[in-house]
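Per-chain residue numbering starts at 1, and chain names A, B and C are given in the order in which the chains are listed.
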Amino acid sequence: MWKRIAALLVLSLSLPALAAVKRFELTTHSSVFPVDQGVYVKGFSFNEMSPGPLLVVEEGDTVEIALRNEDFVAHGLSIHAANTQTSKFLGNVQPGEERVFRFQADFPGVFMYHCAPGGHGIMAHTMGGQHGMIVVEPKKKYRLEAELGRAPDLKLYLVQSEWYASGRDFFDGRATYVVFNGQNFRYVKEPIPVRPGDYIRIYFLNAGPNLTSTFHVVGGVWEYMYYQGNPDNVVKGSQTALAGPSDSWVIEWRVPPVEGDYTLVTHVFGTAIKGALGILRAKKDAPRVAEVRAEGPKALKEVPQEAKRVLDPYGLGTPTHEHTVRKAPDPALLQPVAVGERTLDPLPVTIQMVGNSFYPKVVEVPVGTTVEFVNEDVFDLLEGERTGRHDAVVVDVKGPEPFVSPKLGHGERWRVTFTQPGEYTYICSIHPYMRGIIRVYAPTPQEVHKGH
Amino acid sequence: MWKRIAALLVLSLSLPALAAVKRFELTTHSSVFPVDQGVYVKGFSFNEMSPGPLLVVEEGDTVEIALRNEDFVAHGLSIHAANTQTSKFLGNVQPGEERVFRFQADFPGVFMYHCAPGGHGIMAHTMGGQHGMIVVEPKKKYRLEAELGRAPDLKLYLVQSEWYASGRDFFDGRATYVVFNGQNFRYVKEPIPVRPGDYIRIYFLNAGPNLTSTFHVVGGVWEYMYYQGNPDNVVKGSQTALAGPSDSWVIEWRVPPVEGDYTLVTHVFGTAIKGALGILRAKKDAPRVAEVRAEGPKALKEVPQEAKRVLDPYGLGTPTHEHTVRKAPDPALLQPVAVGERTLDPLPVTIQMVGNSFYPKVVEVPVGTTVEFVNEDVFDLLEGERTGRHDAVVVDVKGPEPFVSPKLGHGERWRVTFTQPGEYTYICSIHPYMRGIIRVYAPTPQEVHKGH
Amino acid sequence: MWKRIAALLVLSLSLPALAAVKRFELTTHSSVFPVDQGVYVKGFSFNEMSPGPLLVVEEGDTVEIALRNEDFVAHGLSIHAANTQTSKFLGNVQPGEERVFRFQADFPGVFMYHCAPGGHGIMAHTMGGQHGMIVVEPKKKYRLEAELGRAPDLKLYLVQSEWYASGRDFFDGRATYVVFNGQNFRYVKEPIPVRPGDYIRIYFLNAGPNLTSTFHVVGGVWEYMYYQGNPDNVVKGSQTALAGPSDSWVIEWRVPPVEGDYTLVTHVFGTAIKGALGILRAKKDAPRVAEVRAEGPKALKEVPQEAKRVLDPYGLGTPTHEHTVRKAPDPALLQPVAVGERTLDPLPVTIQMVGNSFYPKVVEVPVGTTVEFVNEDVFDLLEGERTGRHDAVVVDVKGPEPFVSPKLGHGERWRVTFTQPGEYTYICSIHPYMRGIIRVYAPTPQEVHKGH
């Protein structure tokens, strides 16, 4: 079934005459990525993961990659570690087609790979999840390894990347989530165990596709960093590793002697707050983990029934991110309307809880309107000032219907319908400086004096 | 009143056995920051400033920091100069609590510190103003100091940071203001005096929380720059210092022999235009200033009565940035409506003057509508092409009511109400290429032919 | 007519006593830039191009620049290669005025120049197109030239920059287009010919004004890169060159031995997809091109009649980017309304095709509404997954009026008017995973049960 003709052509053109060959198989799919508790993203994958499989080779190796398109649209592959023509051989791979490609890994470092059918599709597919890390281990020793005379205790391979709800958001750089190895706060939920004094090497890749990262550890200064992972590009004593999309670093650091949580984070805080934060948990008797792989969790084929939120950048997800527009010639806003044989309920007015604030902060609605609160803050672990859980509690009311919402975790929603005029000032009881106002007015204008 | 138990615990765990100790006291508060003429931001502070106090120590020093929470919510502290556990000792500090923490400053450079109660709160509080600079002066001399054999004439400590109007804007990277040492165009209003030939050292920190900076001086090329302020990370002859959030540089430069204004600016011009621009004023007989400190002006406890604009990222400020939503089942847009016992005036349609343009550019409103112009351009000094002051002057009118607005400074507003149908093309008389249209139509549809 | 007085003053102040002088003439204009097929941007220019003329000098040269303002507003000049006072001599140049300025090019590298009337105008004019590249060739040889003992086969001067539709978009970093040397996908339409094995030197400048770039070639690893173009700032073996606005690199690379297309791209993919992608086309017998200049195509004085889209960041362009606001007291949305003596058609509801998705994805409109599709994806070359061409084809219909749009290229529009209630699920037939819904409802609310 797989077409081998193109593959043979490639072999004859690009096969280096070397013995040692590292072989990898990549397959392409439409996939559903589990990104948070009950939160899924629809997109494209390599080997049903995002990031795709981690590929590790040695400087000088011949690398063979078989790419098989098991999806219903064309895909492709760009491998940043390959200093040779790839577009011609790995571009525009049709459904059902397989290609085999070889290159020699001459440049050491940490590189990105991603889907590359060609032209516009390169960017559109990478946005949807088709990217991963390939590491070319240098012949030359990294500096701290040379100084200490031993290998790292932990190799931590880490891809930072973004999830988008729509192409418009992708164009504008408005990521919904920013993640380490595919999931929101993955290593907060499962901290990485280390021991005080451990020598750690981090292979950090910012896969983007849009945002800059400044990778940092709370409670540490990076001892040595190597831009792109090349041992010759040394930076000393840095609080941050600055990385644009497809930039990478190898970072060497020793865990300080004190036990506790060391938090990995992008110091671009408006993106860290969207999911890019994890924990190294240092304990004297921590279990030994030699390697954390830059691979997303196993993807699904279908969205599970229990999903509370689905992002589908290309198609339709759950309503919040569809930016639904209803053009309303008047009372349609307040009453159901007919669409052929069925009816549409009125659209609620949505108030986001986001960045410890309500948005919009002031909402003025006619009697009969339903207001929906949705918590867009992503970090809903812990409590008090440390959490992004929120509620909405009326503290000052001019009217008959004070409300108290339940405490909402990320992506959770709660609705209230107003049946009489009134004005409500409300706060979050967990973060009492959060403040908003809802004004409910009589739908028919009154004879009133016009004050200025 | 302050709890000393936790502090003692910390001391026993983290006290290095060294003699010289540099001690600093930090306190946390809810504060109101004066950001521009009549413009205030509500947020959180260290020592009632944003940036908080500048901390300067020497490489090898033992640093002791006492953190006292005088606010009504939990706070904390992350100090990037400390290569040791801090979260455990300085996280989640409750109102009324004090903690004392020591570390040894082993890594030279320019570092950020910021509030870190834990988790989500780290990002949310840093956004609100709780950040500052700590400098660890290296034992090794910076290169230009070694070459010249003398200390700098001026040490300029400079923090670039952002102010947000809401958490939504923070998530999306839409800063309202971008500032040097806390205020819009602070060093345009008070230029920093230098003399031609002066040897200047700039300690530059981009505190973010979101935007990248490319720090530049008009009329100069940075002679030497040191990434993160480490003397070993040298860059030569650079027009810009690229810095993501929490990135820093030490920059060495000699003022050229010619008198005049040398403008400090982030070359990310869509952010410089929001406030991040200052002046080094070179005169032969300029007064000697040895040091400019990276500290915001003294904050207030309450918003002054005369405020023309208040940003409150967490709560309610002045209306522009609340993104007020009024859901309108028809004539409510044009007439006051009842809310319990009082009434709401109709919402005006707002037209921004921003980046030398009107936004939106085309506005179509029914007779009876009030249109409000607001100047969002921040630099309202100087005149002509050099200023961001604007007005709105009708140049072509099909209708009865031509209008001329006054010249508006930053944050100033002006309203006009239209009582008859008509069409107005208007420009800014200072920047005559700025152009917009307002069309005022009859509120009831007419019997008209439908032209295509 | 030109004022020579200021020029003489400048000469006496800034003239170095050297023999060799490189002289350039810059003129300022209001211009119309051809940015894509049928797409134009109105702005300001140097020498009626954007980027303006490429200036190349040698380290140590005396450079003389004559600046003549042939426009109707004040302009100015900032030259990043000049380490000397410029604001005083080249700021606030009035219409009709000429200035002559000299400086000595002491710092080697790749520098930006841009308009600088002063203050706010510096940023506002640079946004409009007034920027360019000046190269100071170093005395010291770049490393690969020294190793190979010969000059490069191709010198590729490349400016990445952004085009904006409005000042609001400029403030928020929402570029409409991102371009290499002034035009969308310029070197996709006219690939740059090279031969396998060629030694290439790229002079890369990110002129911004807002976005970060990570400059990359598909099928290659940059052999040596020099930050700011200074031969002492070497980086080895990099997949990307990270550049904030006004950052620059000299990049040295040898075309691999295999023929094919090598794609130059910013790996900030949400911006590459807006136009910043080009092709080096490697063929054994390719014609020899020694130099590609960082200069935009010749600008026009007026917008041509056949324009399909005009962006005017300061004034009025074609409607899409005006963000037209019509405040509607009900039936006005559906019927023409009177504005003085003429009428306005109802505003259509616009659905963008953008980043392989529809936006907004769900549209609910009353019977009688016109929906307009507009293709915002910029890369409309090639086919299948490689193209950004789109259509809208109904695949599931509950109602009487299925529609099929034509295939739309960038900036093309198509309208459909709905006359009966119904529900339409539609896809793009080229990218069948793109999906949207239009619901057309009865304008008068029905008596319906309200289901929850």
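Annotations
Criterion: contacts are C-beta pairs under 8 Å (C-beta built on N, C-alpha and C of every residue); 3 or more make two chains touch, one makes a residue touch a chain.
By chain, UniProt protein names: A, B, C = Copper-containing nitrite reductase.
Bear in mind that the values here come from a model prediction, so they are computed numbers and not experimental data.
Superposition of chain B on chain C using C-alpha atoms only gives a rotation of 120 degrees, nearest 5.
Residue numbering shows that chain A and chain B use the same positions for less than half of their mutual interface. Averaged Cα coordinates give chain A a centre that lies 27 Å from the centre of chain B. Annotation for chain B: residues 173, 212, 242, 330-331, 334 touch two or more other chains.
Contact residues of chain C toward chain A in the complex are 173-174, 188, 212-214, 216, 218-221, 235-240, 242, 256-263, 265, 267-274, 277, 282, 330-331, 333-334, 349, 352, 354-357, 359-366, 369, 376-377, 379-382, 384-388, 398-399, 421-423, 431-437, 439-443, 445-446, 448-452.
Per the touch definition, chain C reaches chain B in the complex via residues 13-14, 30, 72-75, 78, 80-88, 91-92, 106-109, 111-112, 116-127, 164, 166-173, 208-210, 212, 227-228, 230, 232-233, 242-248, 312-316, 319, 322-332, 334-345, 347.
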